[in-house]
Structures are given as C-alpha cells and as structure tokens.
Amino acid sequence: MTETVHKRPDLTVEMAGVTFKNPVMTASGTFGSGKEYGEYVDLNQLGAVVVKGVSLTPWKGNPTPRVAETYGGMLNAVGLQNPGVDAFIENDLPFLRQYDTRIIVNVSGKSIEEYCRVVEKLAVTEVDMLELNISCPNIKEGGITFGTDAKMAASVVKEAKKYASQPLMVKLSPNVTDITEIAKAVESEGADAVSLINTLLGMAIDIHHKKPLLGNIMGGLSGPAIKPVALRMVYQVCRTVNIPVVGMGGIISGEDAVEFILAGATGVAVGTANFMNPCATVEVLDGLESYMISQGFSSIEEVQEAMKI
Amino acid sequence: MTETVHKRPDLTVEMAGVTFKNPVMTASGTFGSGKEYGEYVDLNQLGAVVVKGVSLTPWKGNPTPRVAETYGGMLNAVGLQNPGVDAFIENDLPFLRQYDTRIIVNVSGKSIEEYCRVVEKLAVTEVDMLELNISCPNIKEGGITFGTDAKMAASVVKEAKKYASQPLMVKLSPNVTDITEIAKAVESEGADAVSLINTLLGMAIDIHHKKPLLGNIMGGLSGPAIKPVALRMVYQVCRTVNIPVVGMGGIISGEDAVEFILAGATGVAVGTANFMNPCATVEVLDGLESYMISQGFSSIEEVQEAMKI
Amino acid sequence: MKKMITTIVAEQAKIGENCWSIWLQAPGIADNVQPGQFVHVKLNQGEKLLPRPLSVSEADRERNALRLIYAVVGKGTKDLSRMKEGESLRILSPLGNGFEIDETASKSLIVGGGMGIPPLLELARRIPGKKEIYLGYSATPFLLEEFEKEDAQTHVSTDDGCYGYCGTVIERMNQDKALGDIIYSCGPRPMLKALSAWAKERKIPAQVSLEERMACGIGACLVCTCKIAMEKEDGWHHRRVCADGPVFWSREVVWND
Amino acid sequence: MKKMITTIVAEQAKIGENCWSIWLQAPGIADNVQPGQFVHVKLNQGEKLLPRPLSVSEADRERNALRLIYAVVGKGTKDLSRMKEGESLRILSPLGNGFEIDETASKSLIVGGGMGIPPLLELARRIPGKKEIYLGYSATPFLLEEFEKEDAQTHVSTDDGCYGYCGTVIERMNQDKALGDIIYSCGPRPMLKALSAWAKERKIPAQVSLEERMACGIGACLVCTCKIAMEKEDGWHHRRVCADGPVFWSREVVWND
C-alpha cells in the first residue's frame, strides 16, 4: 500500500483582480463591522469581511420586533439601520484595517444619486471591494426596486461605476422571475462580480395576537431553509455571466459551501449561521478544506469545474 | 365564575358557489387520487381532495432520483407523471365519488389547447372544481411559462373558461417578481379562485458524486421551509383580488393553517406534511378547530377578518 | 384506519463495521409482515422531514417485534443509531409488497449483497424446501450466524477477500455452478443487474428488491419510480418502488440506465 | 478568543407553575458574571436556529455553575425544560451589561415582575447596604425562599391576590410609601414603563432591564433594538438591547410606543 500524502490545498481565489486568501466571507448585515465577532473569530482567517450596509446619511431602521424565527430559517426586518458612511469610515474602518483580510463594504441607497455619493466617499478609502445592495426587501424606496427590474439595476450600476475606484460587486435579489436577466443586465454595465442571494421576502403571523410577528409586517427570510433556492440561482447565474459569483443563502457547514462552489461560485458568504454559532465562518472554512483534502482537490477552481451534469 | 360553553365553530366555507365542509384540502400531487391516504384518513372529514395533476395524454414524468430532502423541506421533480385524464376519469374518479367530500382536479398542459381539452373532458364529470396548474416548475414546456407571465396566464384562463362547467381555480407560481400581478391577470379573465403557492424552484448537489441530487437537476421546494414565503404571497394576493384564495406551502399543523386564514385565505391545503405523517390533514383540521374554540371564533370568516395590521 | 405506529426501541446494537441492528416493539407490529416488505421510519428531528425506508430483517410475532438492520450513511441513519433502548420511534408498517414465495420450487437460490442482505433473513426462514444462500459483502460479513442457523448452505464472498470467496457474489455462483428453480435477491443495483442477466441466461425466474429514494412510502407521491417493461407506451412505464414493489420480477425491470 | 461554551445540566427542576430552574455547569462559567447579564442558550433542534436569551439568576463560582430560571412559553423553552441532568447544552456567556451597582446608595429599591424577577436574585445578593425588594407575580410566587434569605425586606404582590398584596407591584409600593436612592428593576414592559413614571415623579434614578427578540446576542445584527433618547436625531436613536443593554437608565428609554 502506498501512503497518500495530502498537500494542503490552495484556497486562494481571485475576483476582479483582488486576491482573497480563501473563498469564505461574511454575509453583509450579519457580522456588523466585524468588531463583535472579532472576539469569537480570528478575522485574519477569513477571505473577506463584508460589512453591514452603509448609506449616505444615518438610517434609523425599522420598528421592532425585527426578527422572527421560522422553520429552519429566520425573518429579519432591520431596515438597514446604520450610522452613515462617514461614521463608518471614521469608526469602523480603522478597526478592520488592522486585520489581514479583505474588506468589502455593502452600499445602500434610496436613489441612484445616493448610491453614487456613498461609492464616491468610499473610493478614497482603503476598502478592497464594494458590494452594491440593490436587493434589500426591508426598505420601501430604493433597494428592492433596483433589484427586481433589469433596467433599473443596469442604470444604478452604470452610474455607480463612474465613481468607484474599487471593483464593484452587485448583490442580487432572489425575489424575481428570472435572476439571470438581472445578472446579465448588471454585467453588461460593468459589474465586476455578483453576489447572491439576498433574503426571500416572507412573513410570519402571531396567531395569539393576530398580527404579524415583525413590526414591518414582512421581512427577509434567510438561513438553511432557503439554501435550495440560493443554490439554484447561483447555478443559473454562474452559467449565464462571465464575472465571478459569490454565493450565499443558508450556508452553515463546509459541505454547504462546497455545494455552492460546485455550482460555480468563486466565493461563499456565511450569514445566519453566525447567529447559530459565532464561530460558523471558520468552521465552514475548515469543513471546506477537509473536503478538498479528502477528495484530492488542490484548488478552488478545480472544485468549481468538477460538477458533472 | 361563569362557565363558558364552547359551541363547535362552523367550519364550512364557500368558494365560487361551492360549499366545503371545512377549509382543509390536500395539495395536488402529494395525495395521489386519495386512494392511498384513504387507508390512513377518513376522506369524509376533508374539505376537499385535490388530486394530482392530470393531462390530456399519459405523461411518464422525469427520471429518478425525483426527490431530495433539504433543511426543513424537500425538492421534488416528479414532472407530472400521470395516466392521462381519460384513465383518471375511468379509474380514480369513481373511488373518490364514494366519499362525502369535494373533488378538485388539478389540470396540466403543455399548450393552451391541451389545457382546454382536459377541462372539456372534465366538464361532463362529477368533479366540483378544477385547479389549473400553471406553475409546475418541473416541466419545461407549458406549466411554468404560463405561470410566470401575466399575459400568458390570462390567456390560458380565458380559453379554459370557455370549456369549463365547474368553477376554475388557478394555481399560482411563487417564482415570480410580483405574484399579485399574475393573480390580477387571471382574476380579470374570470378565474373563480386562486391557489398558492406551488413549489419554489430549487436545487441540491451531491458533493460526493459532484452532481445534482435530482435526475432533473432542479426541482420544486416544498415543506415548512417555504412557509414564510407562501404566507407572504397569500397575504399579498388576498389584499389584491376579490376572489377566494386557497393558501398552502409548509402547513404542518393547525397553527400553520390559522396563519394562512388570518392572512386572508378561505381554504388551506396540506402537501408535504402528508409525507411526514399520513394523518396530517385531519390533525391540521383538529388543530384549526381547537384554535377557533379557544379563541372564541364561530366561523372561518371571523378568523379571516381578525388580523390587526 | 391505519396510522403511524409508535414503537419502543427494545434493543440497539452495532453488529458489524457500520452495521447496526435495532429491534422495535409494538402490539401487533409483526403480524402480517412479509419478507421483503419495509417500514418507513420517522425520525424526530425538525431538520429532516421525510421518513427513511428500511427493510424488515426479522419479524418476531411472539415478542411483537421487528428487527431492522441498517448502515449509517447519512443524517437519518446516524440519528437512528443514537436511539437508545426504551425510547420511542414512529413508523409506518408494513409497506410494499414482499417476495412472492414459490412453494413448489424444488430448489431456491437466495442472493444478497451488502445492505440488501438483511431482508433475506426472514425470507430464508420462510422458504420451504431446499435452498442455497449466496451472500456478498464488501468486507467483514454480518448476520452470518443468523443465516447459518437456517437449514441451507450459505456461501459467502467478499470484495476484499477477508472472508470466504474473494470476488463478487455472481463470480462465486459461477464457480459453484449454482442452479435452482427460482431466485430471490436484494442488493445494490449493479449486482441485481448482473444477476438479472445471469438468471436470464439460465432461464431462471428471479425476483429482485429495488431501492429508490422515497417520500410518502405508500404510493401517493410518485417520487420512487423505476422503469418496468410493458407492451405499449415505448415499451416501459414508471412504477412505484414503494407500492408496486420493492420486489419485481427481474425480467420486467428496465436495467439499461 | 471567546466561543460557545459546552455546559452540563447539573440540575433541572420545576419550581412553580410554569416556572423552571436549571443549573448549568462548566469551568470558569460563573467568573465575571454581573447581575443583569444574560446567556444565549443554543438548543439542539434543527427546526430552531436561534439561541434563546435567558438572564443569569445565580452565579455560583465555587460550583462553576449558573442558574437560569425560565417560563415555558414556546418551543425553545419547552425543549429546554425537557433537558435532563448530565446532558450538554451550548451557551454564549456572559452577554450584555448588567446592572450598575451604586455602592454609595443609602437605600436601594429592587423591583421585579414575573419572569423579570430571576436576575434580581443575584443582584439582591450583591447590593451592599439597606435594600427593599418588591416582587410582583401574576399568581403563585416563585423564588421567594431565596429572596427571603437576603438581608432585606421582601414585599410580595400578586395580580390575583393569592399571596401577599392583591394588585400591582407599583400599587404595593405606593401603599408602603416606598422610597430609596436608586431603583433596580426588571419585568414586563408595561410595569417598567409605570415604574419609570413613578421614579421620575420621585426623582429617583432607576435602572431597567429590557427584553427584545434577539438573533446574534452580541451586538452585530441589530435586530434587538430599543429607542433611547438623545439630543440630536429627532430626539432618539436605536440601541441594541443585547450589547448596549439589557440594562438602561429608565429616563433614557423612550416609552411611548
């Protein structure tokens, strides 16, 4: 018998000219600005920290309750509460810069103008990539409207690109008839990558009080419950566009991450799983690496190309 | 202390002139033609048996594997295997007619012509209502195309109405940007009721064999995982159309059924839950009745109107 | 009316490498169970909705108990293996059509492979007359002691040669020049396919027990189909493994895919 | 690096009508826990993803154990109540900011209502000097014995009058003409709101422990916010109950909704 020597696989990935030490990122809005989880996870281990959505001015967000648990998932209606891009740059960015990880900033807006102004302010900072959130189901103006209409999506990307100095990733909404159409539209206007999925619009009712469980009535569904929908969309988009895809939606283990990479994703993001276990990101990373070792994969690209259809 | 005497609530509901003894139905495709579950459930207790989709000619359905379990849900890709409407009328209908329950037949087709021919054949039978399935994600032609395009949906309903002698319910797809638009389109062409949701298009990958878990690659996601999406859509549609709505998607308990009725549904259907427990339908019914008694509701209509927003 | 039966775990034991045995007890549970039938086991975990089909390996009417033998291959069987004596477990039982026992055969061949072997134990007991048993394992055998109690010759083969003949069960049968009037078989699909060809050559009718992923387990959902030959309709149609099977005549099964 | 702690259930007991007490054991678990802090309890059920926040009722450094007292109100607490001695349970601990103990107060008032009472037990122990404890229950009291061990007067009121004063805790305080330099309080929002007005009238600073549904429990997800007054920005902003609270000064809380 010969002994197989397992070389550590190469986990680095490249997207739009940016190199990430591994594909595992945090999903925007679930990881704050990294500080809180920094007590539980060595941020240096992550491929990237994707911070919560920032807007031009401070946003107060939605009334409470903002969360409701559902079967295998959760609804949230935070409504993009954030202190505004200036406060983010001043208070949160320096903290993150201490770590050897990529920083991706999630950008929110209620108008094309607002998106552009935020992108402009971030253009001069040490941020590695921007993620344009055109898919938040929790705010009425902007967000969702951009994400569910191919023309609107294309135009916000086109304008934002003019102000961006970093690569621009666009976060897509799953609440659409054909996600590939939106993906193609943003690609054609210069999006450098796409990330998906954002949350599915959902609802839960308190039958004792006979009213919605969320203050905002509806909210975004996330967690393992949505993984099959997320995986399907990532698979469809990967077969449609030529830019890299970051997949997310219900990833709680290394195996889940592998499914997304087999579907074609270059990066994967971990969201709701952080709430189940604050060390989820590194556990996903470890699981991914073990899988690659046991299957003899030496790079992420090999996994991406291994699917047999 | 005074003793409250609990009168048994009135569970009957009416839809399009048809009276149902209670709102609890079976979800098409999960209950066969009633025969198999008839050994586990007294079919006389159900509001209606909604049988599996029937088409003009026999359909073989998709290759196996046709099922994959997911977190809190399942994917199926049966592909509407059925022996055709003639065989259904000859072999299955007489069995069902023995019971004192409403019979709703789910109608599939790959063209408007096919839908119409099936409706025409059923027009002369003792079936109480038809459910036009314009939302099956598992067949390429027809089905899904009709369900995701308001114009197509409207035209199939318009034509089918010409041949129908029974009220026509239309089964809507959740894989759309705005389900209220489709609901309005079918209402305007004379749909007598709408039922929703059909399954969400999803996917799962076998990471050991590096291929999709389903023979058909993608399939329809059902079960408790999708309940928040289903409930949201039922709520939206109930606020948009004036025809009755049958709600379904992840109902596994009486409490779940109550949520859908509070959201505005007149009827509720139980699908995947049957696989978890063959007596699920009657358990949902019992739970609904207990809730009504404990909350002092005397009719389903009262529950429908009790939501405080 | 039938319903889910609540059973009590009477015994749980590891009987081989990744091979577990569980005895479930409930009144009347062992009545009318035919060899080749299966039960649908409901696990109590929220994440997993669907029951898991497992063949009945032994039915003990005196103790009102069923024995299931299973391999831990995923989350469901892992949970099952963690169940302890005295805990309760809900099942649907008995499901499917078992083997059709030919009482007139002068000699029966019983052929099993891997996790297809367990249901053949109850079958072996019930088959009258002369019988020969061929069991193929990938590695260390299990249930051998039980089979050897039967009044029949038991031939063992293993893929790695760690026990008995080194090779497939079919190779072993060829070596022995096995013959009989009828074959009863359960095992992985490639084995059944090869056996089907083997039987066809020798004109021996063979019953094979198939596996397919299931949801309802009772014939309503149509997810568990297999291709069965028929005269019209392109030569085959889909039949339900759970309700029309799991046992089919091998000559009727469309093997080529 | 912090992480989830695996604790062992050392004791589980029902201590009142729908009131349960559980002791969790793990090395170092009771170190540095402040009264008013909470733990986030991870249940092992697939259906339920989110941990459940429960206040620390007692912290025993010698036994390395924490005591949680809880009511069964839904699926999570139901599952918790089914856990048995020796089983393991994962938690995040300690979380949030506890009460700020004013060592200089000449007399402290401790006011609790319903399931807000448990965290006040450890608090009562740690407050130096004179103190009076007001506890309001809807019906049969729990934890009374423990409170009565403290060197303080304990006044009980119940909504149904089955024990002590019949009425709200505030009515009881009015009747007693209660006074003090500082108030520490935990209970349902309507009680805290009324108490806040009561304290304001009397110019007594009051700390209140708030509840809100949570996800992360550590300040990252922003689902657990409450409205806190501030000079600019329309007079209030959202702060996180889990990380900025759960204890706030009552005069800063925006109560009107």
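Think of it as A, B, C and D in the order they're written, each chain with its own count starting at 1.
We adopt the following convention: contacts are C-beta pairs under 8 Å (C-beta built on N, C-alpha and C of every residue); 3 or more make two chains touch, one makes a residue touch a chain.
This is a predicted model, so every value here is computed, not measured.
Asker: So which chains count as neighbours of both chain A and chain D?
Answerer: Under the touch definition, chain A and chain D have B, C as mutual neighbours.
Asker: Once you count every C-beta pair in contact for both, which comes out on top, B-D or C-D?
Answerer: Counting C-beta pairs in contact, C-D comes out ahead.
Asker: Hey, how far is the Cα centre of chain A from the one of chain B, in Å?
Answerer: Taking the average C-alpha coordinate of chain A and of chain B, the gap between them is 34 Å.
Asker: Taking each chain's centre as the mean position of its Cα atoms, how many Å separate chain A from chain C?
Answerer: Using C-alpha averages as centres, the distance is 46 Å.
Asker: Report, in whole Å, the distance between the mean C-alpha point of chain C and the mean C-alpha point of chain D.
Answerer: 57
Asker: Give the residues of chain A that touch two or more other chains, as numbers and ranges in rising order.
Answerer: 71-73, 224
Asker: Mind pulling the residue numbers of chain C that touch at least two other chains?
Answerer: 46-48, in rising order.
Asker: Tell me the shape of the graph of touching chains, choosing from line, ring, star, complete and other.
Answerer: Complete.
Asker: Per the contact definition, I'd like the list of chain D residues that touch chain C in the complex.
Answerer: By the definition above, chain D touches chain C via 45-48.
Asker: Which of the residues in chain D end up touching chain A in this complex?
Answerer: Within the complex, chain D touches chain A at residues 1-4, 42, 46-51, 92, 212-226, 233-234, 237-238, 243, 257.
Asker: Sort out for me which residues of chain B touch chain C in the complex.
Answerer: Going through chain B, the ones touching chain C are 29-32, 36-37, 39-42, 52, 58, 60-61, 63-69, 71-74, 76, 78, 81, 223-224, 272, 274-279.
Asker: With touch defined as at the start, can you tell me which chain B residues reach chain D in the complex?
Answerer: The contact residues of chain B facing chain D are 71-72, 224.
Asker: Please output the residues of chain A touching chain B within their complex, sorted ascending.
Answerer: 70-73, 75, 148, 175-178, 200-205, 207, 209-212, 217-218, 221, 224-229, 231-232, 235, 250, 255, 258-259, 262-263, 291, 306-309
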